[in-house]
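Following are the structures in question.
Shared between the two complexes below is subunit A, which has subunit B as its partner in the first and subunit C in the second.
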Partner chain A sequence: MNQLTIAIIFYIFAAVTVLSAAFVVFSKNVIYSAFSLLFTFFGVAALYVFLSADFIAVTQVVVYVGGILVLLLFGVMFTNTIMQTELKADVLHMAPGILVTLLLIGGMLFTFYTTGSWMPGEMQLNGSVVESIGLETMSRYMLPFEMVSIVLLVALIGAAFLARYDKANKK
Partner chain B sequence: MSSSPSLNTWSDALSGFSIGWFPLGLVIVAAIPLVFIALYALTYGVYGERKISAFMQDRLGPMEVGFWGILQTLADILKLLQKEDIVPTAADKFLFVVGPGILFVGSFLAFAVLPFGPAFIGADLNVGLFYAVGIVALEVVGILAAGWGSNNKWALYGAVRSVAQIVSYEIPASIALLCAAMLAGTLSMQQITLMQAGPGGFMHWFLFTNPIAWLPFLIYFISSLAETNRAPFDIPEAESELVAGYFTEYSGMKFAVIFLAEYGSMFMVSAIISIAFLGGWTSPLPNIGGLELNTMTSGPVWGAFWIIMKGFFFIFVQMWLRWTLPRLRVDQLMYLCWKVLTPFSLIAFVLTAVWVINH
Partner chain C sequence: MLTEQLLSIGVNHFLTISVILFGLGMFAVMTRKNAIVILMGVELILNAANINFLTFSKYNGGMEGVMFSLFVIVLAAAEAAVALAIVINIFKTFKTVDVSSVDTMKE
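Our next item is the complex of A and B:
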C-alpha cells in the first residue's frame, strides 16, 4: 500500500470519528446519540491501529463498545419516556466557550511547535506488543495492576449488593 | 506440513496488488470471505439445515424444486429479492434500516483474522484471537438497534434477551479461549495453528496433547451456541414466546441479511473452536511409517479444505443439537452461565496454567 492510500483511509476514519462525535453532542434524540457513539468508538479504535497499537485498539472495542456502550444503551432504553424527552442541545455561554476553545487549541499548537514535532518513544518495540504488555504488567507494574483489580472487585461487589433482591423489604 | 516462510503468501501477494492508489487487492481479500459466507449459507446453511432437520424428524424436507429439492434455496432467494421492502410506520426508520447492517458487519469482521489455510488470512494480527472475541460486541449493538428500531414489544424483548445472553456467555467463552492461548503462548491465529501442526496429524492438536483441554473445549462450544443464539439457547427468538425475537418485523432482504449474519457467526465460532483446539487448517491424518498421509494432505488448498470441513462439522453438531434438545428457560440459561460454566472455566484456566508451567 502506498502512502496516498494510507492517508485516504486515515482521513476516512478521522472524519467518521469527528462527525459521529459531533452528532453525539448535537443530536436531540438520546437514542441516536448513544448509537452514534458506536462509530466514534470504532473510529478511535481505527486511529489506534494507525499508531500500531493494535492491542489497545481491540481493547478499546471490547471495553467501550462491548461494555460501556451496551450498558449505556440498556440504561437509555429502560428509562421511561425516553423518546419524549427533548435534549437541550442549544449553544449557551457563547463567549466563554469560544475563549476556552481558543485557549486550548492555542496551548496545544504552542506546545506542538515549540517542542519541534511529535515525540517518538524512548524504546523501540520489537515483535509482539501483547507479550511486552503482559511482561510489564506482571513485573514492573505489578502493584498498580493488582490495585486496579481490587478496585474493580470492590465495584463489582458494591453493584451486586445494590442490585440484590432484598427479601426483608419485599415481604 | 507447510513451513512458515510460505505462510500467508497468497493473501500477502493479493494485498500488495493495487491499481494506482486504489488497493484493489485488499478489497478482493475482504470479498473472498464474503462470497464464502454467501455460498455456504445458501447451500449448507439453508438447504443443509432444512434437509438435516428433516432427516432427524424422519421427514424428507424440500423435494419439489430440482433433484431432491436442491434448487429450493435459489427459489427462496428469488422470492426474498422480490418481496416488498416493508418498514413499519411506527418503527424508527433509521435504526430499523441500519440494525441488520451493523449486525452483519459485526459477524463478518471476525473473518478478517480467520486463517483459511496456511497461505490465506485476511490479517495476521498478533492479537487475532482477542480481536475475534472482542468484535462480537458490534453484533450486540446491531441486535439492540434492530430490536429497538422495530418498535415492537416482542422485538425489544428478544433484543434485550439476546444481548444479556451474548454479554454473559462472552465471559466463559473468553476464559476458555484464554486456555488455548496459554497453551499456544500467542494470540496470532496462524501461530496458534502452527503450534498444532506436525507429522502426527491430529495427535498434535491441543485437544489431544493436553489432559485438561477437553474442559475449555466443551465450555467454549456450549458458550458459542449461546453467543450465536442457537438452540438450546435460542430464547431470544423463541417462537412460542416471542414470535421471532428481534427480527419479528423484518422481511425481504433485511431478513435475509440477518440470516446471513447468523450463518456467518455460526461458521465463525466453529472456525475459532477448530483453530483453538483442533488444529485449524492442519490435516488430521498422521504419517504412518512410509505412508505419508499428513504430508500428502497438507498445503494451501488442503488447508482451506480442512478448516472449512472442521467448521462444517461443528455447524452440523449445532444443527443436530437444535433438533434434539429442548429450549432452556431464561433463568436456567443465566444459571448455567454464571454458576456452572464460569466457575468451571476458571478451574480450567488454573489447571491449564499449572500444566503449561510444569510441562
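Our next item is the complex of A and C:
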C-alpha cells in the first residue's frame, strides 16, 4: 500500500471516530448516544491498528464493545421505564461548556503545533506487538498484572453487591 | 509542503484526534445531566488517553505505553461496572438519573 492509500484510510477512520464522538455528546437521546459510542469505539480500535498495537485493538473491541457498551445500554434500559418515551437528557450550562471545550481543544492543538516538531525515536514499533506484550506481562509487568486482576475482582464483587436486588428495603 | 504533511501520518495526527476526543468527553462530563451520558464522556476521555499512550509508544519504540493502555482498558471496565451499579442505586432512591437533582447522601 502506498502512502496515499494509508492516509485516505486513516482520515476515514479519524472522521468516523470524531463525528460519532460528537454525536454521542450532542445527541439528546441517550439510546442514540449509546449506539453512536459503538462507532467511536470501532474507530478508535482502527486507529490502534495504525499505531501497530493490534492486540490492544482486539482488546478494545472485546472489552469496550462487548462489555462496557452492553453495560451502558443495560444502564439506560434499567434507568428508564420501558413505557416512558422520554429518554431525553437535558443539557446544563451549554454556552460555558462549549467555550471551555473550544478553549481546551484550541489551546492544546496550538501547543502541539507550535512547540517545534516531534523527534521520533530510532527504533519504532513495527508489525505485531503480541509477542512483546506476552513477554512484558510475564517479566517486568508481573506485579501490576496481578494487582489489576485483584482490582477487577474486587470491583466486580463490589458492583454486584451494590446493584443487587434488596428485598429487605423493598417492603 | 502542506500536502506532504497531510499525507505522512505522524504524531500530530493522532494527538489531534486524541485532543478532540478529550474535549468532547470533557464537554459531556461538564454539561450533561444524565449520569449515563456522563459515564460515556468518561469513556471518551479514557480512549483519548489510550490513543496518546499508544502514539508515544509507537514513535518512541518502547513497550511502556502499550502495557499501560492495557491496564487502562481493564480499569475502565472496572470503573464502568461500579459506576453503573451506583447509578442504578441512585435511580432506585431518587427515581431519576438527573445528577443535578441528586442532592442528598441519605434517604
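Heads up, the rule we're going with is that the second predicted complex is superposed on the first by the 111 of 171 C-alpha atoms of A that agree within 3 Å, B and C clash if a C-alpha of one lies under 4 Å from a C-alpha of the other, contacts with A are read in each partner's own complex, and residues count from 1 in each chain.
Assume contacts are C-beta pairs under 8 Å (C-beta built on N, C-alpha and C of every residue); 3 or more make two chains touch, one makes a residue touch a chain.
The model shown is predicted, which means the values in this text are computed figures rather than measured ones.
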| item | value |
| --- | --- |
| Subunit B versus subunit C as contact partner of A:66, first or second or both or neither | first |
| Dominant toucher of subunit A (residue count), subunit B or subunit C | C |
| A:25 touches, of subunit B and subunit C: first, second, both or neither? | second |
| Partner chain(s) touched by A:137 [first = subunit B, second = subunit C, both, neither] | second |
| Partner chain in contact with A:158 - subunit B first, subunit C second, else both or neither | second |
| Partner chain in contact with A:110 - subunit B first, subunit C second, else both or neither | neither |
| First (subunit B), second (subunit C), both or neither touched by A:5 | first |
| Subunit B and subunit C footprints on subunit A, overlapping residues | 4, 55, 59, 67, 74, 129 |
| Subunit A partner contacts - residues on subunit C that touch it in the complex | 6-17, 19-28, 30-37, 39-41, 43-44, 47, 50-51, 54-55, 57-63, 66-67, 69-71, 73-82, 84-89, 91, 97-98, 100 |
| Sites on subunit B touched by subunit A in the complex | 15-16, 18, 21-23, 26, 92, 94-95, 98, 102, 125-127, 130-131, 133-138, 140-141, 144-145, 148, 156, 160, 163, 167, 170, 186-188 |
| Residues of subunit A touching subunit C in the complex | 3-4, 6-7, 10, 14, 17-18, 21-22, 24-25, 30, 33-34, 37, 40-41, 44, 47-48, 50-53, 55-56, 59-60, 63-64, 67-68, 71-72, 74-76, 78-79, 89-94, 97-98, 100-102, 104-105, 108-109, 112-113, 118, 120-125, 129, 132-133, 136-137, 141, 144, 148, 151-152, 155-156, 158-163 |
| In the complex with subunit B, residue positions of subunit A that touch it | 1-2, 4-5, 8, 31-32, 35, 38, 42, 54-55, 58-59, 61-62, 65-67, 69-70, 73-74, 77, 128-130 |
